[in-house]
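Naming follows writing order (A, B, C and D), and every chain is counted from residue 1.
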Amino acid sequence: MIRDERLTADELQRIDERIRDDWPTGSAVDFEEAIAYHESLPAHKQFADVLESADRPLLQPRAGVPCLDDQVSLLEHLHGEGAADLLPTTIDSYTRDNEYGKAQEGLENARESGDATLNGFPAVNHGVEGCRELVDRVDAPIEVRHGTPDARLLAAVTFAGGFQSFEGGPISYNIPYTKEGSLAQTIEHWQYVDRLAGAYTERGVTINREPFGPLTGTLVPPSIAIAIMLVEGKLAATQGVRSLTLGYGQVGNVVQDVAALRALRKLGNEYLRDEVCVTTVFHEWMGGFPPDEARANGVIGLGGTTAAIARPDKVITKSPQEFQGVPTKEANAAGLRTTRQLIDMVVEQDIVLDGVDEEQALIERETRCLMDAIEAHGDGDVAQGTIEAFESGALDVPFAPSDAAEGAVLPARDDDGRVRIFEWGELAMDDDIKEIHRARLADRAETEGRKQSFRMVADDVDAISDGKLIGRPTSDTGGGRDGGETRAD
Amino acid sequence: MQLGEYCMPTTVILGVIGSDAHVVGITILDQALSAAGFDVENLGVQTSQEEFAAAASEHDADAVLVSSLYGHAEQDCQGFHELLAREEVDVTTYIGGNLAVGQDDFEQTRTTFRKLGFDKVFDSETAPEEVIRSLERDLGISTREAETDRVQA
Amino acid sequence: MIRDERLTADELQRIDERIRDDWPTGSAVDFEEAIAYHESLPAHKQFADVLESADRPLLQPRAGVPCLDDQVSLLEHLHGEGAADLLPTTIDSYTRDNEYGKAQEGLENARESGDATLNGFPAVNHGVEGCRELVDRVDAPIEVRHGTPDARLLAAVTFAGGFQSFEGGPISYNIPYTKEGSLAQTIEHWQYVDRLAGAYTERGVTINREPFGPLTGTLVPPSIAIAIMLVEGKLAATQGVRSLTLGYGQVGNVVQDVAALRALRKLGNEYLRDEVCVTTVFHEWMGGFPPDEARANGVIGLGGTTAAIARPDKVITKSPQEFQGVPTKEANAAGLRTTRQLIDMVVEQDIVLDGVDEEQALIERETRCLMDAIEAHGDGDVAQGTIEAFESGALDVPFAPSDAAEGAVLPARDDDGRVRIFEWGELAMDDDIKEIHRARLADRAETEGRKQSFRMVADDVDAISDGKLIGRPTSDTGGGRDGGETRAD
Amino acid sequence: MQLGEYCMPTTVILGVIGSDAHVVGITILDQALSAAGFDVENLGVQTSQEEFAAAASEHDADAVLVSSLYGHAEQDCQGFHELLAREEVDVTTYIGGNLAVGQDDFEQTRTTFRKLGFDKVFDSETAPEEVIRSLERDLGISTREAETDRVQA
């Protein structure tokens, strides 16, 4: 039975050896030699230092293409034209499935045809040497961003390859990203990743770890996201991780977003041991985008404004082409600059919003309910508690594709646009908190003169792409995606 | 709209192909199609070609709706229609979502997937209502057609 | 000596006849027939009604090209693709100078060459028929926007031509727009414009009038802008105008902008007679824009957010191409949609900002100082008082090109980015208010470790186009427009 | 930088041509040039060709700096250099600002104004510092050149 305990040196080594056999490039991984490589990197490529010592929110985009040279010029563009502070390397979907063979095929196709036949950079296939070439040629810290449930080989290769930051975690890269993986298994896999990060850290090479806060990106209630961040943070800290960036995805209500980021920071510092340096990352709206670049810029603008008020340590930006598909590098850089302009115009302003404290208090209480439930489910062990809590539905994520989550919780916006919970399933929450949500949603239902139903949830899912925050019923059914109102009832 | 209004229940298979985990679109489609009276068999995300084919034949489906968002649809659908033919599954097939990697021209994408054998190809701006209307037309569900005409007249 | 008194019917007629001789198209103006034309317009083209009955901020762009067909398709594009609620017709610069001959030349050139050799639509040259064709062919209310100090013939032609809204005023279209025109003269000229609007209004055809709030668009302290709006409102009301839209240009500090719009609305209702329906218009940032569309979208985004919080009746949008030159119609429509998305996402949120009330109180007190000074200078007559107050410097506008204003007042941002006054000249302001500004600016000077100087003003002028709100000194002198720091001292 | 560092004061005429009233740019330029030690004769906005020519000859100017923002520069500058020649004013002439209506290509704009006789054409991204550097070079102000070299070395 998996428990939240530190892997021993032996276990680490055993897994390490086994995992490196999964693909030929694994054999090039050599821990001692990798430490030496990291030590040779200049200060401005040391991810954790750059992030933790910044005096304003740093910006980071998402970006990954199959071939090395293309990835270099993509990142150079985002660094130069986009003025990104931190760079990403987004991994392709085959690698996420550990299908290195298919990734190899895609990579070779891409090399021949010049087409982007993979939706990211197959770092395992590029191997330690390829990764280092990337790190050497690009002049800023780079993080591995992926969505891989079993990221062990990816971590082994990319850490040795010079990357000093690694996104994901056993829950956040399981529940939103897979159908069948069990949590027991992903927790075990990520214990290795975190232990490996810890081993580097102990040798003076800090590997920053970043649990994926937005989860399904779709109306995730803040307390659910924060609880999962705390769990992943605790699991990582146990394995020796000392630089943790906890994430949160914008929901679009400014007060709620600011409150959530504050709650995340506060609870992160409270729940995680003192030795851990906790930073926060704010993801610009992760749900469906408007199918129009001008409107998408409005969504990005709200993200920038919110970031300027909440002041997270890092912001993951979106591009105006988010709706359509993987953005061009120009569009990606544009999203960075729009965000930068907004942050820099607003960040020096002393903006204090009414109601943030109350909302923050509510989010904190909700999060504590969930954390207490996890604690209770696991008899004090957070690994076991998480597994059991998901099993019972005490912990749940809306729109989770994974069999490991009930997916019974349904969110909807209240009359002010804050994300509340409409269908609780078995979520572990005090009754008086449920009552608050119920009352807020009742207000909305009354405003709209309709009952709370899945229809409301569906309308909220489409609202931002349709140009609004709240999915109000419309009489006008002509306009694209909000059609159906009159007929699907 | 009640189920009873159809002469016989129309069954559609719905799922996300390949290793794609984008579930929100099919969740919305499932809800809208069910509300409109279809029998929806939702296979969820990360569904293989074989699972689609098996479900279609098991439920004697009228249509198979394949969703793909993550940009690998073309690879994931290679040989799908050949498989359906081998399994003697004769259904209307739709594919929809974000079908190409990057900022592609949709007309080109449509051609690609029509060539792969799909009867219709939908982009990610597709509202559930359009899917319902299109299924009605393609599956010849006349009660609703008539009603639609009335409503729009 | 010009006084704030209503023109008699005789005076109106006399001017009317004289002015119509200035260009051949003037002879087609027939008041009675024009009333009939206006009465024939459908409800959704009645400007004042549409504006005054709206339940959300309406959007309006700026746009004008020389030829009629082009203007029609430009406006149709902005209405269709941009979803503008209200449309503009921006007049060319020759017409603004009453150089109808040159405008004619430009128009003919444009017709032949297809090039836009004029920077706007020469409405006088198009005449009553041309204007009506525009009004007929475009399916939304249209306003005349210009910058013409002597707009008498323009008003006569465009009112008869079916336009129901007219921007400008004797101060706001003098001080920022000309060097030599005297205020006595522009007040006289605008008395005619307003009286004509009043005459239509009395016959049931409401002509909406919109004093130009942003003035020089460059760090104008809110109270100065508001005082001028009140003066122009009072002058217009005397002549019978009953639909007045008072304007304000964004300064970029959210609290100050929200406070200013509230003060404008409140003082507008207080200073103007009960019969006048007062609405407000918010202009997205009117100063120098960033030379980059992505960053410009950030500026527009902040405008939209501010509008959503302050909820003016109307918003004049900017395009991402503002820096470069007259925008393409696509860019213009994009600015509208970015703004719309932001407003619609934020407007339903209950956002209450700390400090708005205090800032609003300060702005109101400052405005009252200026209004009292005008009152005193004119012995109770607002026309005379305004002239004398500008003469003495008691009323002043920063960066005014006009000889009629001292132009002695210099603004600078405080440490929070609010626009304060750094150099007062003779501006009529209570000492304790001056003390508040001084203290705020001292804070900034201290933060920056430099003295208050024109250099600070210049840095603030460039700040937004350089990507910041406040023009802080930078060590990095490499970057474009902020160069010079090290050498020009 | 003190005036005294120049061998003799360098006089520049500054103004906005035509009926353009955009004053902010020349206000900034005036301040920066004055601070850098130039004698600046600022004619303000809405200055005619004749006023520019008269001021240049009256002050025995070294350079005339014409600003235009509102998009009518080309019309406003027709014949300006012929006028200067007639008045026997021999000065370095610069023009800068937003010189064309609309989203034009700057290279084309530069050609247009070079043809009209301007020695140099600046776009609206020009920082005051660039103008100072350029004037130093074109007017052969060597003290500052030397100093610049030192500073940049």
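As a working rule, a contact is a pair of C-beta atoms (placed from the backbone, for glycine too) under 8 Å apart; a residue touches a chain by one contact, two chains touch by 3 or more.
The chain list, named the UniProt way, goes like this: A, C = Glutamate mutase epsilon subunit; B, D = Glutamate mutase subunit S.
Worth saying up front: this structure is predicted, and the values here are computed from it rather than measured.
Of all chains in the assembly, none touches chain A and also chain C. If you average the CA atoms of chain B (Glutamate mutase subunit S) and of chain C, the two centres end up 53 Å from each other.
Averaged C-alpha coordinates put the centre of chain B (Glutamate mutase subunit S) at 66 Å from the centre of chain D (Glutamate mutase subunit S). Note on chain placement: the centre of chain C and the centre of chain D (Glutamate mutase subunit S) lie 30 Å apart, centres being C-alpha means.
Under the contact definition stated at the top, not a single residue of chain C touches 2 or more other chains. Viewed as a contact network, the protein chains form an open path, each link joining two chains that touch. Taken pair by pair, the chains that touch are A-B, A-C, C-D. By the touch criterion given at the top, residues 252-255, 290, 292-302, 304-305, 333-342, 344-346, 348-355, 415-417, 464, 467-470 of chain C touch chain A in their complex. If you check the complex, the residues on chain A that touch chain B (Glutamate mutase subunit S) are 93-94, 96-97, 99, 106, 116-119, 176-180, 216, 218, 287-288, 291, 321, 323-328, 331, 399-401, 454, 458, 461-462, 477, 480-484, 486-489. Listing the residues of chain B (Glutamate mutase subunit S) that touch chain A in their complex gives 1, 16, 18-24, 27-28, 31-32, 35-36, 44-46, 70-72, 75, 98, 100-104, 124-125, 127-130, 132, 148, 151.
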